[in-house]
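I've put the structures underneath this note.
After this come two complexes, each holding subunit A, first together with subunit B and then together with subunit C.
Here is the complex of A and B:
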């Protein structure tokens, strides 16, 4: 963060633009993103139904929410979504990214189609999958395979995995794009040398492609983990947290506590938890990987 | 942040990718397994998209009797008519207003901020930049409850402005980051020589920064616009009335309203994706680079 690349001479300050120019961005960001965090903390010590004025009630919400098994269920579900999403999305995105980085014409055509989910909103994707997964009129009926005609979204043992699948369907194209950009920057000479040494395709993949994509893996994983923690849209439209509490992830728990159960004080406790966990996760990931690398990586994407 | 990797050729956000790429495995055996897996993945992606399209042109009465994967025998656009007649135009216009206003203001204020961040060494400016970077790591979903409270207090609940203002705030950190990274690469001498010639900062912005940063600006515009166009949570929490409904929320409402009419719901899905589909067809490369521009988030 220390030295600027431009100039570096003492004259720079004299020719520097007025600091006031950062004001519009800074004020908008402070008022609508940072101050709300403080307000959330404040609201977490109040009892508020969203209609009347909030009333201070001390740590009552905190005691209630931290003693509520629903909160721990939400944390556990969010944790599972983070882990499973990473396990499912990372290898597939990496393979697709490398695959579409290839120059063959059919791959260029395929990749244009692969990225189609990027143009659909989460609401649109969730609505489409809701129809597609319908046990009576959905995909299962069409193929006549009873196994596919399950009540995917109504079965509490399956629904979390279905949600993870739909999230993967939405986000793998995006992460593939990152890997595609990364793979295109690997110097071809590395592969030529490996081929001269008689290394096969699998060997090349594991000893050249994967190590060369290390930075992309870090970037993509960070986005995936933080994104999975805060994921709301698809799950809300697909299941609204149900059946029962089967897909009530942390952000859903916050929303439903606040706006369905009209307990905005309790929901604010969950909001604060979300911020703390999100920051800790991001911190841990960047400490482990290096924020600098992650950011210089994105320019090459 | 200021670490640069000078050795690596930087393929800028909007740079055309394929041309420079290596023709890598030309003299290797054909990769049949990879190819097969590629076609399987294509099926996983295409089937839902195909299903949306054919269902949207199916008559409501046929929906329950047809085979869901076969195109309808007598395609009809009645579902589209129903959707358009149900206020779709209004929601569409609302989405356009929210998206355009948000991206224009976001990019304008972020460009000013990025210019100062690159060109100034004041502590305050550095601290501001650090705050924006921290903003990348804050899960902004957590702000919906306080925003609901704050906007209610100032009478902005259930207005389009109530969606726009937080959307701008949410988009600023990543937009500033991308623009800063880009403007940093403009050689400092160019700024200095323009200053020597007596150019104001306004002139420098217009004649130097704006033209040179065009690819980055295009990328962030697209990235921010897609996020706002598809945004669901803010409108869900911060608006209520029909007249302020935006498209993603309208889809969700159609789904309840047309619960038994799946073709109509999916026709709404098709219509809502149409503008971005057009963008995808005419400017796929810019769209794609715009999408990955946000990867630093």
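Here is the complex of A and C:
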């Protein structure tokens, strides 16, 4: 069973779609991803303000950007966002996903509520949180809880965690949805067998649910990690990268360099860095998780 | 694509393919449209403005269009940030609007350097009736290397110190005339349980107004002029260092409302603190005035509103009557326009901009036109006082972020953020800003 599935690629299949069908997607990908990438790589060797023609200046941008502490600060911040986002979002999404996978009606109602943030745009979420976190008119003041009226977005030591929290608020529903779908795929027979063997709920969760969700965890983690690398809108609306450099993540650094400071050559260097790091992370994740081998997890089910 | 319900003869595969091809065609045609050349509209005249100036620009273009059916101007309006993004790519392309809206200063300089806007000096030499209407210090921001590339088209917006008179009375404070009085008033406000000064640090740009005025009061307008002229180490001028130290002094004394770094000026949260009596003072542009009514319609009629020029600094070289803020917004004419198009665009400017109905729309909304006879036209105490201040001001410092190059102004926002937040010292501020000179 597993063998035929794994070796399926080589088997002639009459119903397999024609290879030509890949052409539209390939052309779109080429026009909108590969070519712009090549252009950005080219621009990274030029000095360009967006108004006059780009002037070739060799590796000057690369030397300048790779010697700039702001770039390393941005990289370090993006790295922190990746790690903390994963640590915060994964357990919560896993629990909510598994919980809402149950067929009970109250769970269906709750899951509808949990997924609400999914339909809000990032900008709307950021504006709403900006208002809620306002030290003078926000949540803390209106509820009369002094603990909540901190200088959330103005304190350089707090602001990164606030940003990670808001990002988690937006993305946990999406990852819960993945886990919900994954959990519903687990055959009930596994749980029935475990129950007969006397396994409790916690034991069932760790010995059946989590291992069975392995591929979902990999998918969700890949999306989280690579997605964390490109967070822009929420952070930009919330803090514009401030105060100072406290939330100037790599994509934000790229935008501010390119479009606020009109240094499109320098911004292209950062863009290329972003692509390379994103690719390496995605490759590493699929390699080390064994996702690329697509092992069936239902052997013996 | 009607009746697109799937039947046996049109398998889903084909529908998917067709959809992808359609998508591709659409994508390509967008790409082609962006590459196509030629005039952007049939008459060839177009104007891009922001929604902020739409109230007077739109009716005036409508008037022009009904009087000149053969030379229609196609007008478009964008949000300020959208506009900045759009114009950057459009201005150097063949889609450039004939009338290019800009803030003068650094942006205009970069347009001039790239040869994107027309030199209007000789075109305007025969239009002295029109050019003489405008306050010279305001017109100055449209001049690069003593040639005129842009002319004012919008209200003038100086920055003033607003007060809540109620709060001042409660704290037993007189409106501060000097910096020392301002510093001395801080403990009195605090004793009365209110914040001395409201500041919208979350929006970053309000920080600018403090350093602009302090540098001007301490060292006069020459200090910033040296920075604009890219003189070496211009940011290390003693006046800039002193201004940085005074900002630190004010922050450390608790002059600004708690959490000021999170307060947003874009949503008028800084204004609300002053109007609702939680802070005594606010340094803001004249544009904030119209927001007061939205927060408390009776604030001005109850006599709570006070306003004055920025305090003088003892021993400073600058004239306490000098102003800072946004002198105006400007029209330039694209260098891509043909001579005939440029002539018509200039005809529109000299006949319709600053005509009676244009000025009336502006003054009715409580704004101050940058005209020499503005005092006779403005309405209300606030606009009258401010227009007197504008006409008496020996210099009108353009907002630094507009006067500087984009690279320098982007750095300035971040460096000010660090200076106010106490992460960098006045010396570090100057050192870091010196690196942006000439960029």
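FYI, the second predicted complex is superposed on the first by the 261 of 301 C-alpha atoms of A that agree within 3 Å, B and C clash if a C-alpha of one lies under 4 Å from a C-alpha of the other, contacts with A are read in each partner's own complex, and residues count from 1 in each chain.
FYI, contacts are C-beta pairs under 8 Å (C-beta built on N, C-alpha and C of every residue); 3 or more make two chains touch, one makes a residue touch a chain.
Just so we're clear, the structure is a prediction, and the values are computed from it rather than from any experiment.
In the superposed model, A:244 lies in contact with subunit C only, and not with subunit B. In the superposition on chain A, no contact is made by A:199 with either subunit B or subunit C.
Within the superposed three-chain model, A:153 lies in touch with subunit C and out of touch with subunit B [touch as defined at top].
Of the two partner chains, subunit B is the only one that A:33 touches; subunit C does not reach it. In the superposed model, A:49 makes contact with subunit C only, not with subunit B.
Judged by the touch definition given at the top, the superposed model places A:137 against both subunit B and subunit C. Once chain A of one complex is fitted onto chain A of the other, the partner contacts of A:108 are limited to subunit B, with no touch recorded for subunit C. The wider contact with subunit A, measured as residues touched, comes from B rather than the other of subunit B and subunit C.
Within the superposed three-chain model, A:263 lies in touch with subunit C and out of touch with subunit B [touch as defined at top]. Shared-chain residue A:184: touches subunit B; no touch with subunit C. On subunit A, the surface touched by subunit B in one complex and the surface touched by subunit C in the other have residues 17, 21, 24-25, 28, 31-32, 50, 130-131, 137, 259 in common.
Across the complex, subunit C is touched by residues 17, 21, 24-25, 27-28, 31-32, 49-52, 130-131, 133-137, 149-156, 240-245, 256, 259-263 of subunit A.
Those residues of subunit A that touch subunit B in the complex are listed here as 1-8, 11-13, 15-19, 21-22, 24-26, 28-29, 31-37, 39-40, 43, 48, 50, 54, 92, 95-96, 99, 101-103, 106-108, 110, 112-125, 127-132, 137-139, 141-143, 169, 173-174, 177-178, 181, 184-185, 187-188, 191, 195, 201, 219-220, 223, 226, 229-230, 232-233, 236-237, 251, 254-255, 258-259, 264, 267-268, 271-272, 274-275, 278-279, 282-283, 286, 291-301. Subunit C makes touch with subunit A in their complex at residues 13, 16-17, 20-21, 23-24, 27-28, 31, 85, 88-89, 91-92, 110-111, 113-114, 116, 201-202, 204, 257-264, 267, 269, 272-273, 278, 405-407, 410-411, 414, 417-418, 421, 423-424.
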